[in-house]
Every structure is written in C-alpha cells, then in structure tokens.
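Labels A, B, C, D and E are assigned to the chains in the order they are written; within every chain, residues are numbered from 1.
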Amino acid sequence: MKSKRRSINNLISRPFQKQPKIGKAPGSVIYLGKRRGEKFRVSLMHYNEAEITEEPLEKVEAFVLSPTSRGVNWFNIKGLSNTEEVETLGKSFGLSALTLEDIVNTDQRPKMDHLDDHLFVVVKMIYPGDVNQFHIEHVAIVLLRDTVLLFQEVEEDVFEGVRERIRSSYGRIRNRKADYLLFALLDAIVDQYFIVMELMGNKIEQLEEKVYEKPNADLIHEIQALKKEVLELRKHIRPVKELVNQLIHIENSLIAEDTRPFLRDILDHCNEIQDNIDLYREMSVSLMEIYMSNMSNKMNEVMKVLTIMASIFIPLTFIAGIYGMNFQYMPELHERYAYPMVLGVMALMVIVMLIYFKRKDWL
Amino acid sequence: MKSKRRSINNLISRPFQKQPKIGKAPGSVIYLGKRRGEKFRVSLMHYNEAEITEEPLEKVEAFVLSPTSRGVNWFNIKGLSNTEEVETLGKSFGLSALTLEDIVNTDQRPKMDHLDDHLFVVVKMIYPGDVNQFHIEHVAIVLLRDTVLLFQEVEEDVFEGVRERIRSSYGRIRNRKADYLLFALLDAIVDQYFIVMELMGNKIEQLEEKVYEKPNADLIHEIQALKKEVLELRKHIRPVKELVNQLIHIENSLIAEDTRPFLRDILDHCNEIQDNIDLYREMSVSLMEIYMSNMSNKMNEVMKVLTIMASIFIPLTFIAGIYGMNFQYMPELHERYAYPMVLGVMALMVIVMLIYFKRKDWL
Amino acid sequence: MKSKRRSINNLISRPFQKQPKIGKAPGSVIYLGKRRGEKFRVSLMHYNEAEITEEPLEKVEAFVLSPTSRGVNWFNIKGLSNTEEVETLGKSFGLSALTLEDIVNTDQRPKMDHLDDHLFVVVKMIYPGDVNQFHIEHVAIVLLRDTVLLFQEVEEDVFEGVRERIRSSYGRIRNRKADYLLFALLDAIVDQYFIVMELMGNKIEQLEEKVYEKPNADLIHEIQALKKEVLELRKHIRPVKELVNQLIHIENSLIAEDTRPFLRDILDHCNEIQDNIDLYREMSVSLMEIYMSNMSNKMNEVMKVLTIMASIFIPLTFIAGIYGMNFQYMPELHERYAYPMVLGVMALMVIVMLIYFKRKDWL
Amino acid sequence: MKSKRRSINNLISRPFQKQPKIGKAPGSVIYLGKRRGEKFRVSLMHYNEAEITEEPLEKVEAFVLSPTSRGVNWFNIKGLSNTEEVETLGKSFGLSALTLEDIVNTDQRPKMDHLDDHLFVVVKMIYPGDVNQFHIEHVAIVLLRDTVLLFQEVEEDVFEGVRERIRSSYGRIRNRKADYLLFALLDAIVDQYFIVMELMGNKIEQLEEKVYEKPNADLIHEIQALKKEVLELRKHIRPVKELVNQLIHIENSLIAEDTRPFLRDILDHCNEIQDNIDLYREMSVSLMEIYMSNMSNKMNEVMKVLTIMASIFIPLTFIAGIYGMNFQYMPELHERYAYPMVLGVMALMVIVMLIYFKRKDWL
Amino acid sequence: MKSKRRSINNLISRPFQKQPKIGKAPGSVIYLGKRRGEKFRVSLMHYNEAEITEEPLEKVEAFVLSPTSRGVNWFNIKGLSNTEEVETLGKSFGLSALTLEDIVNTDQRPKMDHLDDHLFVVVKMIYPGDVNQFHIEHVAIVLLRDTVLLFQEVEEDVFEGVRERIRSSYGRIRNRKADYLLFALLDAIVDQYFIVMELMGNKIEQLEEKVYEKPNADLIHEIQALKKEVLELRKHIRPVKELVNQLIHIENSLIAEDTRPFLRDILDHCNEIQDNIDLYREMSVSLMEIYMSNMSNKMNEVMKVLTIMASIFIPLTFIAGIYGMNFQYMPELHERYAYPMVLGVMALMVIVMLIYFKRKDWL
C-alpha cells in the first residue's frame, strides 16, 4: 500500500532542510536540493548565421570570450551543488549575490527578475521519468547581451531539440540574438508540460476506469495521491504564466520587439495548460464523489442482502418455534395434515416476501 | 454501462499526441486534430453592393485577385490536415509562421492576435450532432483589408445562413466591409452556442426527472458525464467572451467604428451563455446532492424493514423458545389454556410493536 | 410530487426555442417570449409642472408630437409579441435595428447601452403572483431627450405608483426631466425586488421550520427548488447593480447631475438585495446540511432500536435453545427449580443489557 | 428546541415589511424599524478648548445656534420612529430628502455619502445584551461644518466614553474640530465590535466543547444558529471597512489632514475584525464536519455492538437448534458426555469470535 | 483527549480581553498581551564600517545620542507590558500616540504605516518551541534616519544571526544604513517562517500516516486542530506579503534604492510561504476526506461480517427449527438417514452461500 502513496516529502520541504540558511546573510550561496554529487560541468555553444562551435570548458578562466567573436554564447552549467564554482562563474559575469543565491536555491518558485544589465528567470523543468512518474528539476536562466547562462542540477535535460536546430541551421534560431535563445529554451520547457499533462490525463483516465469497474478501498489512496500530484504541478506551473507575461511586457532592449510574438505563443500554451490543470482538479473531485457514492452503493447492497435473508427466515423460524413448544394441549400437533399445511403457509410467506422485495426493486 | 460514460479522451489530450511537436521550432505547421483525410478545398465568395461571384478555386495561384475588383473576398478553406497547402496559401497572404502554426493547431484555445496588418481569431464551432451529442470543430479566421480567410477542418459548417444573406442581398452585409463579415461569422458561431445550451438544458431536465422518479446506481455515471460536458463547453466558450471584448476595444482601422455595436451584441450573447454555463454547473452539483440524498433515503428504508421484521419476530421467537425447553418442571406446559394464552400474548406484543413503529413514522 | 418541483423550464431556455433566430441577420426583430396574443397598445402620458395629459394612442402616426409641447413624454408600449408594430414605432424614434432586436428579445439579460442620442436599458420586472410564486417580465426602456419609451410584454405592471405621483403632482417628478422618470421607473422595479426578497425569506423560514420539525424525504425536492429560485433571481437581479452603476457614471447630458444622487439611492438598494441573495444561498446550503444530518440521525435511531432488540433477545433465545436440546443426559432438566432459575438468569441478563444501553445513552 | 434556534426573522426582512414604501416617491421619510414608541429627544453638547455646555433641547426652534459660539456642536437625536420631528430637524440643517429617508431607514446597510456641504454616514451599533445575545441598532451620522448630528433609534448607546472624554478634558478631543468627533463616534462603535467578536468566540468555544464532549442531535441546531449569527454580523460589519476607507481618501475640507491617521487606526481594527469573522466562518464549517463525523462514529459503534452480539449468538443458537430436532436416529443425543461437549464447543466458538473481534479492534 | 486539541483561545481573543480599551481615547497605550511581568530592558547596538559598540541602557535619558556619532543605532526594547517606559522612550523619539498604542497592542495584525519622518512596521515573530508547538510573538519596528527601534514582548528572539553578522563584520550589513538593518530583521523573521512551515509539513505527514495506517475516531480532533493551526499561521503571515510589497514601492528616502532588491528577495520568500499555506489547507481537507472514507469503509466491513453471519446461520436455524417441531405426523423424523441428510443439506447451503459472498467479493 505504501508504494501507491506519493510521499508528502515530494510536495513539502523536509524538516529543517532550510536550517543551513537561517541566520545567514542574504546572498549566501547555499544549495538546498537533493542532487549533491553531480559533477560541475560547463559547456559553451557559440553560434551566428555563419558558424557554430561547441566545446566543454575545463577552466573557469576560459569563460572570458574574445570580444571579436560575433554571435550568441550559450553556456550550459550543470551540477548546481558545486556552489563555489557556480559563485566564481556567476561573479565573472557580474551576477549579484542575490541572483547567485536563487540560482542554487532549488526551492525558489518560478519568477523573473529584471536587473540592471540582465534578466534572471527561474523555472521548473518537468518531464516524464519511469512508469507514471515525472521529474521536477530546478532551472535558472540568465540573459545577458549576446549571452545566455543556463543552470541545471543534473546532466539530463529537455533542450536537445534546441541544440539540434542550432546545429542543423534549421529554423530561424541561427539568425537571431540571445533573446530568441531564451525563448527557445522556455518553449522547450513548456512543450514538456504538455507531455506531462497528457501523462496525467492518462492516469486520471485509468483511475476513472478502476473507480467505475472494480472499486475498492485502496482507490482512495490513489485518488488522493493524484490530487496531490495535480497540486504539485500547479504549484510549479502556475507562476510560469505570470513570468512569461512579464517578459512580454518588459521595457528592456535585451528583448527585441520581434521576439515578443514568440513569447506570446508560449503564453497561449501556458493558458492551455492552466485550463487543463483546472480541469484535472475538478476531475479529482469527481473521482472522490464517484468513489464515495460507490461505497454507499455497496453498503446498500450489503444491507439489502441482510434484510432480505432476515425478513424471510426470522418469521419462518418463529413459526417453527411455535410448533416446537411443549404445551400439553396443542390440538394442531395431532392433526393429520398439520405439518404439510404449515410448510405450505411458510412457502406462501416466502412468496409474498419475494414479491414485496421485487416490487421494492431490491432483487 | 460504458456507452453512457463520456470518455475522458474527448476532454483531455491523447497520450503523447503532441509529441510530433516536441523539439520542433515554433512556427512548425503540424496538424494535431483527428480529421485527417479531409480533402483540401478552397472556395471564394466575392461580393459588393452590386455583384456577387462564388467559385471553387482549383489552384493556389488563383488566389491572387485582380486589384480592380472592389468588394469583400471571403476565402473558405477546408481540410486543415493538408498542412502544406495551408502553408502555401497562408504565405501568399503574408501570414507569419506562428499564425500558420495556430491555424492547424486544433488544440489552440480561442484567442485573438493583433498583428501588423491583420487580425487573427481562433474559435470553436460547436453544434449539435447525433442524439444528445455535439461536435466541436476548430475554426481559424484571418481578417485582412477587404479579405477574410476562414479555415475549417471539415466540410460541414454553421455559416450557410451568412452565405444566404449575402446571396439574397438581404440585410446590410452586402453594403459593408470585411470586418462586418468577420462579425457575421462570429455571430453565426455564437448563435449555435445557444442551441447547444438548450440541448444541454434538456439533458439536465431529463436527468433530473430520472433522479427524482427512478433513481438507480448508474445515474451517478450520467451525472458525472454531464458535469464533464459542462466543463468541456466552458473550456471552449469562456475565452470567446474575452476575445470579443478585445475586438471591441482594439485600435485598428480594420475594425470600423460602426461595426463595434454589432460586436457588443455578440458580447451580450456571450454574457448570457456564461450565465447559463454557471447555472448548469450549479445544477450538476444539485443533481449529485439529490442523488446522494436518495441513496441515503433508500438505505433508511432498507434498515427500517429489517428493524421492523427483527424487532417483531425475535422476541416472539424467544417466547416460543421458552416453551420449547425440556425442563421437567414447567407447570405452564400442562395448563389447559396455556397455548392460546401464549398466542394471545404474542399477538398483543405484535400490536404494541406496530403502534410503536407507527408512532415513529416508520410504517 | 411533481407539483412541488419548480420545472427547470423556467430557468433554462426551451429546446430550440431560439432556432427562429439562427441564420438571421443581427437586428432581426423576433419575439422569443411566451406572451404571444397580448394586444399591442400604446399610451402616452405627457406632463410638465403645469399640465398633464393621458391618452391611449390608436395610430402609430400619432406618435409624432407637436414641437411646441414642452415637458416629458412617457410612451408605455405593451404587447411585445407584435414585432411589426414595435419595429414601426421604434424606427419612428430612430432606434437602431440592434436596439429593436433587444427590445423584443425576452432572453436579453439586464444591461445598459449608451448610444448616440439615447440610452437603452433592459431590466426584469419581478413581482409576486399567486401563492408563493413570482412573475418575471422583460422590460425595455429607452431614454431620449424629453421622452421615455417603456416596452412591456403584458398589461400588468409595477408603475401605478409612479403614475399616481405624476397625476397628483405629489413629489418632485412633475418638475423634472425625462431622466428623472427613467429613475422613477427603475426605482419602482427595484422596490418590487424587496417584496420578492421578503417572500423568498418567508419561504426559507417555512422550509426551515419543516426541516426542523417534521423532516421527510420530500423536503429535498423543496430545498432544491428553493435553491433554483434563488439562482434564478440572482441571474436576473445581479446585472442590475452594474447597470445602475453605469448610469451613475455615464458622461451624457441626458442624465442631469442632480438625478445622480437618486440613482445612487437605487444602487444602495441593489447592494442590499445582493446581500440578501448571498444570504439566501448560504441558507439553502444550510438547509441541505440540516436535512442530511436529520437523515443520519433517523438512521442512527433505527439502528439503535434494531441493536437493542437483537442484543437483548438473541442471547436469551440461545439459552432457551440450549434447554430445548434433546440430549439424554442433561441433569439440569430434571432439577426442581431449574426453570425459574433460568428465567431469573434471563431477567438478570435483560437488566444488565438495559443498564449498558442506558450508559451508552442509547435509551 | 425552538428557543435554541435563532429565528430567521432577525436576519431577513419580515414579509411585506417594506410595503409602506412601495409606490412612494424617493425621499419619503418612512420608519421601518421595530422601535416605535421611543420618545423623540434631542440633546446638544457644545464644546471648545475652553468651555462645555450640555443641554436637552425642548423645542426644535432652539436648534439654531448663535453664530458667535465658537466650537463643536454635537446633536444627539433619539427616537427615529418620530419621522415628522426628524424631518423638521433635518431640514433645518439643510439635509436632502434622500438623506432624511436613509436616516430613518433602519434597513439601510452601512455606507458613506459625500454630499455638497456635508458627509452622511450610516453604520450599525452592535453591542452585547442579555445572555449570549447582542443588539444591532441603526445609527446615522451627519458631519457638517462644526456640527455633528447623531441619530439613534433608542436611548441606550455606546458613546458614554466619548462624552466622558469631552467632559473631563482628557485627551485631544476638546482641541479638535467636528471631524475628530465623527472619528471618535465611529471608533466607539468599532471598539464594541471587538466585544461582540469576543462574545462570539466564546460561544464557538463552548459549542466546540459540547460537540467534542457530549454530542447530540440538537447540536446541529446550535451550530447552524451560530453560522447564521456569523453571517448576520458579517453583513453589518463588512461594509464598514469600505466606508472608513472612503472617509480616509475623500477630498473634502470637512475631514482635516491630521484626522486621517486616526481613521486609518479604525481601518486597522476593521481589518482585524474581518480576519476574525472569516475565521469564525471556517470554524462553523469545522464544527459541522466534527458533528457529522461524530454521528458516523456513533453509528459505527451501534453497528459493532449489533454485529458482535449477532455473530456470537446466532451460530450458537443454530447448534442448539440442531440438537433440538426430533429425529429418531440422532446417535449424539444418547452419548453420555454429548451435552457438556457441545457446551464446550460453544464456549470455544465464543472465544474464537472474541479473538477475531479483538483483532479487528472492534472491542 | 483535551491535550490533543488546540484550545480555541489561542486563535481568538479572550472574552472581554479588550474591555480596558473600550471608551478610552485612541492613542491610549494599553498592553493587551499575556507577557506581563517581563522586565523592561533596552540595549543599544551602534555600528558603522569601522567600529561597533554594544551596551545595555540603564536610564531612558541615555537614549539621546551624541550627534557626532556616525553610523546605525539599533535599539532593542524588551518587555512591552511596561507601557509607561515604552511611552517615555517612544516620545523621546517623536513617535505619535497612535504608533505607541500599536507598539504595545499585541493584537495588531501585521501592517506598515508610512508616517512623516519614520516608517512603522508590525509583524509576528513565529518560531518553534517545545514539541510540535510554536511561539507567536508580537514585534514592532520603527525605522528612523540612522536608527531602528525594535520592540519585543519577551527576551528570546530570532535575531542572533543578525547580531553575529554585525559583530563579525561578515556580509555587507556594516557598510549599510538603517534601512538594510530593517531588511535584515524582517529577513530573519521570514526565515523562521520556513522552519515553521517545515514543522507543519512534518505534522501533516505524521497525521497522514496515522489516517492511513491506524485510523480511529480521535484523529478527527487532530485533523481539525491542524486545520486551526494552518488558519492561525495564515492569519499572521498573509498580511506580511502586502506589507513587504508596500515597503518595496514606498516613495521615501528612508528606504535606499539598493535595498529594494533585498526586500524583493523577502517577497519571493513570502510568495513561497503563501504557496505552502495554501497547499497545507488543501491537505487538511484531503485528510478529512480520507478519514471520512475510512469511517465508511469500516462500517462497510462491520456490516459485511454481520450480513455473512446472519445470512448463513439464520436459514440453517430455520431448518433446525422445522425438525424441532412436535407434529405427530412428520414422516421424515423417522427416516433412518434423515438426520445426516439434513446435515448434508445444511452444509450444501453454507457452501452455496460462501460461493455467493466470494463472488460478491465480500470475503
């Protein structure tokens, strides 16, 4: 039974998990996630219309680029638990302590900060994992002039499609600035939300099937686990809509005017996802209602069986009891056909009862 | 039982249905709907106060019109699964890749995009089909100067009335610009929503009748299916109100000042439909409440029958049991009138019981 | 049972009732209500500080007034099903097709339209009819310079008090312009809402009495019918508040500055009515809760009776059964005082049981 | 039982109570309250930093003050059912008919009107009365230059503290203008709301105690009566917050700039009271949940007793029945130790049953 | 049982607790809390980049600082029940009577007042105490030019980390003005809210475990107590978000431009906490649903046992009763194998019943 429940641990913080941060100054770069031990890796993809280079970076010093190189620089930084390296790298790009803190703060909810010379975006990468589960990973993106810094906790990501499009010169991405890359990354993340929505819809459908076809007491655990998952998704996805809306309306030359229609396209998708999440919540309520009604139905059926059995046989037993009494003067006992007559009366009573229950629709 | 349930599939996306789009660049024109195989057909209706021409267009090249022809051009494009043709046609009218993507994206929720030289509207055409079902079809409308492009998935549509009015010179439509045609198309779609509302109201009424008159355990399935349908309608209709409101307040010469009162008329209708949908939701909650209360009532009745039967006959059986005991010294057994007296006492007990239950209103 | 239910038909549109409008151009003047056959009647009340004339108008041509006549003209038009006459009359006052359509559209929700040279108001006249029912009638009011057009479906109305005040020169109405007449008409309508609220409150009070004093399974029908009536009233009354608010803030010389305090007085009343409707909804929820709890209570009582009877007599019957066995070697059977002793033990068991149930508060 | 229910009459208007107003012109000064027969009394408190005079006013003519008298005039008018006197007095201060109407309209919800040369405030005075009840009285306040008119229905009020502070020269009130007196009166009223909140909190606490310790079916009446009281308080208190907020932001020289911080202090209190009312609503929902769960628990216990008794004794009775059969060939009947063996088997069955029920935690 | 319930006293005011304030002028400095008897203590921490002094202040006169001392002065005032001393101190800093009143008013909800030359903030310090409980303490902060006054009821506080950072010159606090100290204090308080959230999450997790694994009737008390705690936290934490938002947008030179990003960081945290509180509320609803469903399940199981036992043995007992009748002419009684045959029939009936119940999934 345990395995079917989704531990509350995934939804709420572990006790005193944040204690390392208590009493610390703001801007303390402290990792709160569960992905310790991931190696710190930085890779750089540099591209313009004409050329593209991809290379892993060994040393932090290598981050400084030759000013002659025209185009977009996409730094992909993995392994956020290595807070010192993250701090060194971030400072070399002029990020503030508060931004650095939020980059490694895996509890930070999705948001956008509009800073002097860069935009800072936090968002959750959610994608399906093993059977009927999904991964939720913290992603922080910094948009600088000509440069995007993408911070992830783990190796795996959902951006392979973006890389492919850059490599293959397919699409408009190679002709565009860094803001379009930011869009492409957000788009890749939001596209995955659809996959998650569909997975979720499937789960609900299967659960509905079970609730209708073979309801049992364990289903309440599954329904409540589903409800929790929907709440969890909502928590991580709902702020994204607001964030994208802010990006669309921001007054900042980092976001070019012709990138905004693309951001509006993401906003459309966020609206659709929001619709779905609302729908799923309603459905989890419906599942509970159906479940509770099924329970009542079953109880009704149990009670009907009991009532039918008892109502038929208790009166008969009483009659048998009458003629089991030992009174000396009971004339019936000595009648020749008393026994079959009593049996006949009993049969009649059963028939009457059955008709009554049939009429009541209990049979 | 299965047939009575509305499959969740109609409400939520099929698993991994959107996978073809994952990793693709935005603006990828990919059809997601279920209407593959519909032929691609374009027809043009050209009209002004004086004249009207209607013709199917064989070749895409034919779309370019002679500049001398004054009046409104209504292109009706059917068969969205033919994405290549849609793309060619759209590009010849200068539509952007993002717009083209949303034209064929049957999952796109209703919305309005305000672009440089055209307005783009997505809306759902909902109309009654076979018994107690309704069709939901994706419709995209582009309003250009003097031209309306109407994209549908299927042949069937709800615009025959609009065509008739154009043909018969009835009404003001022939004297007006393309913005009035956009209004007339939206009006035809919203008018159908009233038909759907009335169908839905009928369904609720029938269900209410059943819940009151002959409640049974299967009704919960029908009630929940109804609730889902209401949610589905709300999902597709609610955004239309916002969309129409945007059209009314847009600052764009494509929408003439004297068309806005007509759009406000649609807004009135949207408000009325919204009222109805809210009402239907409340009623589906009421139906559940009545159903659950009926279940309780039935249980109460079952229990009453059991209690009455048991309360009357168990004590009688006990008395019979007393005189069935085989003690050697039981003086009553040998009394001449003991047997009828015991029977009399039993009858008395039954009468007392019946009066008690009558008083309790259990009979 | 049927008579106690409020048919859903009153709340939602009849199936395909609107079909006559489908495909028609906007501005088609089509009557949707149920008051066909009412005669078309127009009467004119003309007044200023000095004089007053009241006359039924036979011919539509008579509508044109001599320009020398100073004062307010109140046209009272009855019998909206006569759409042709309504159209002729309306056009003679310069009303647009859209306004004419809404005048006879009895489904139009309350609203205010601000047009070039007139204001158009739709509102519902709700007043008590026969026992515990109320009528809901569609009313359309047009405010022109010096002229008010009042359209009703039926003869009966709630404006007799306004007419009396005009006739008797009582109050300020004779010294004021047409905007004050518009106010007086709205005020008369909203005053009736209070009567309806009080009727409704009475109904709730009676129902509460029933739920507490003699609950039975039919009450759920009455509670749900009440809930529907509250929803119905809310649907028609809620938009009025918004409408009055628009009238107060409109920038239009048709509404004089010193009429606005009077409109604010109506707004106060709308707020109070809104409070009441919210309260009534809460109370209908409370009634359901009480009803459901009463059902549970009754079930509890039934079960207690069953349990007490069964728990007392089943063990006694068992003991009687023991001594009814026919074993050859049962020494007790032959004891002189075995029978009274067994009866004593049985009595003791009954007493113990009764004390136990008393302690449990089941008796 | 009746006495425990709070009659709905206190919450909603009496049937046709407002009928006297129907058809009357707006501004008709008609008393709707229940305090008829209270004598009309006016007293004047006149004060400035230097001096203070307090006198009952016998004649309405005496209201006109000598223009030389510098300071604040507080007229305290009691006995609103004397509408003629109220009207005469009000008109001598230049109040409009609409204001006069609302002064005696005891159904008027709390509000603020901003008129040409005065501010008009309606608010409800709520204070504890006899055991566990509270009084709700209508209060109207008019703020003129240097003058405050305070209208009440009854003699009793909550302003003795304010009078004391004026008399004793304690505090800043003697050095301030009429706007500060308005504040002081509102503050006195809102302070009483805290007393009412605490009384209410106590009631909830006592009810919670009862629901936990000795639940019975009557408690539902008390819980629902509590819920109604909370709704009633909310209805009268919620608009006060809005009203005070309007007073703070009004642009009118009647409210001095340095009085606004004091009004903001009242706003703080209104926020706190709002928090409490919300909390109390949640708690009344909680009480219902606990009550319903207790009912279920009790039912469970009843059923357990029944099931245990029946499950133990029905099988035993069956065994006794077996050996009570009269077959000629039943070898066991003649065994020497058959009887004690059967009794042993029965005892064993009881033990097995008891262990089973113990394991199920039913004992 | 009592110990498991959280007394409502902690949530709502004690009866007539506020009575001392009734009738008093606004600005009366009256202590309402429960921490009477705490000694009045003032300590001063004075610091700039170069130096730091910390000293307890014996006399109130010592508060006046030498004007030459450059840097930030943090006065930490403890023991709010000493209202006279608080008043003297406050007045020496020019605080208004209304501010002084709110400083000692422990019922004041969190808020920010923007006054002429200072900002006034009220907030609740919430931190974990003994097992599974948390303390809620009233804190008032006044921000003046170069000076912060921090008022607490008790000795214990959550600011040790801030003091450490000042003492150790760690972080940027020593180089900053008083506004940064205000931020640091608020940050310390909000950081503690995370600890409280985690504690709460743990409680919910434990309760969920109990509800699933060993549900019993007492759990409803724990669930409802949890719900109350969540409501209590929400009451104290929700206004903080609004307060911080006001601080961010205030136009006042007391808050430097470069402190606002830090306040925004607190806002992020408030948002996250708000998310958690919402989640916890949903979970307490879920717990109730699971609990109620478990109750139903148990009832179902009890009823099944009863029904199975009764349905099997009542018919058998009837058959035994038949052959226990004393009719003279019952041929079966004399058959040689009648007894074993009857026993066989009975066994068959049991088997049929068991198969039936197995099929119904009741076994």
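In the analysis below, a residue touches a chain if its C-beta (ideal position, glycine included) is under 8 Å from a C-beta of that chain, and two chains touch if they have at least 3 such contacts.
If you want to know which protein each chain is, UniProt gives these names: A, B, C, D, E = Magnesium transport protein CorA.
Please read these numbers as outputs of a predicted model, since none were measured by experiment.
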item: Residual chain clusters - chain C taken out, nothing else repositioned; value: one piece
item: Co-neighbours of chain E and chain D - touch as defined; value: none
item: Size of the rotation, in steps of 5 degrees, that lays the CA trace of chain B over chain D; value: 145
item: Chain A and chain E: spacing of chain centres that average the CA atoms, whole Å; value: 26
item: Centre-of-Cα separation between chain E and chain C, whole angstrom; value: 43
item: Chain C: positions in contact with at least two other chains; value: 296, 299, 303, 306, 310, 314, 317, 321, 324-326, 330
item: Overall pattern in which the protein chains touch one another (line/ring/star/complete/other); value: ring
item: Ring of chains, enumerated from chain A in the sense that reaches chain B first; value: A, B, C, D, E
item: Touching residues on chain A, where the partner in the complex is chain E; value: 1, 5, 7-9, 11-19, 21-27, 96, 98, 101-102, 107-109, 111, 113, 115, 217, 220-221, 224, 227-228, 231, 235, 239, 288, 291-292, 295-296, 298-299, 301-303, 305-306, 309-310, 313-314, 316-317, 320-321, 323-326, 330, 332-339, 342-343
item: Chain E - residues contacting chain A, complex; value: 160-162, 164-165, 170-173, 183-184, 187-188, 191-192, 194-195, 197-199, 201-202, 204-205, 208, 212, 261-262, 264-265, 268, 271-272, 275-276, 279-280, 282-283, 286, 289-290, 293-294, 296-297, 299-300, 303-304, 306-307, 310-311, 314-315, 317-318, 321-322, 324-330, 360, 362
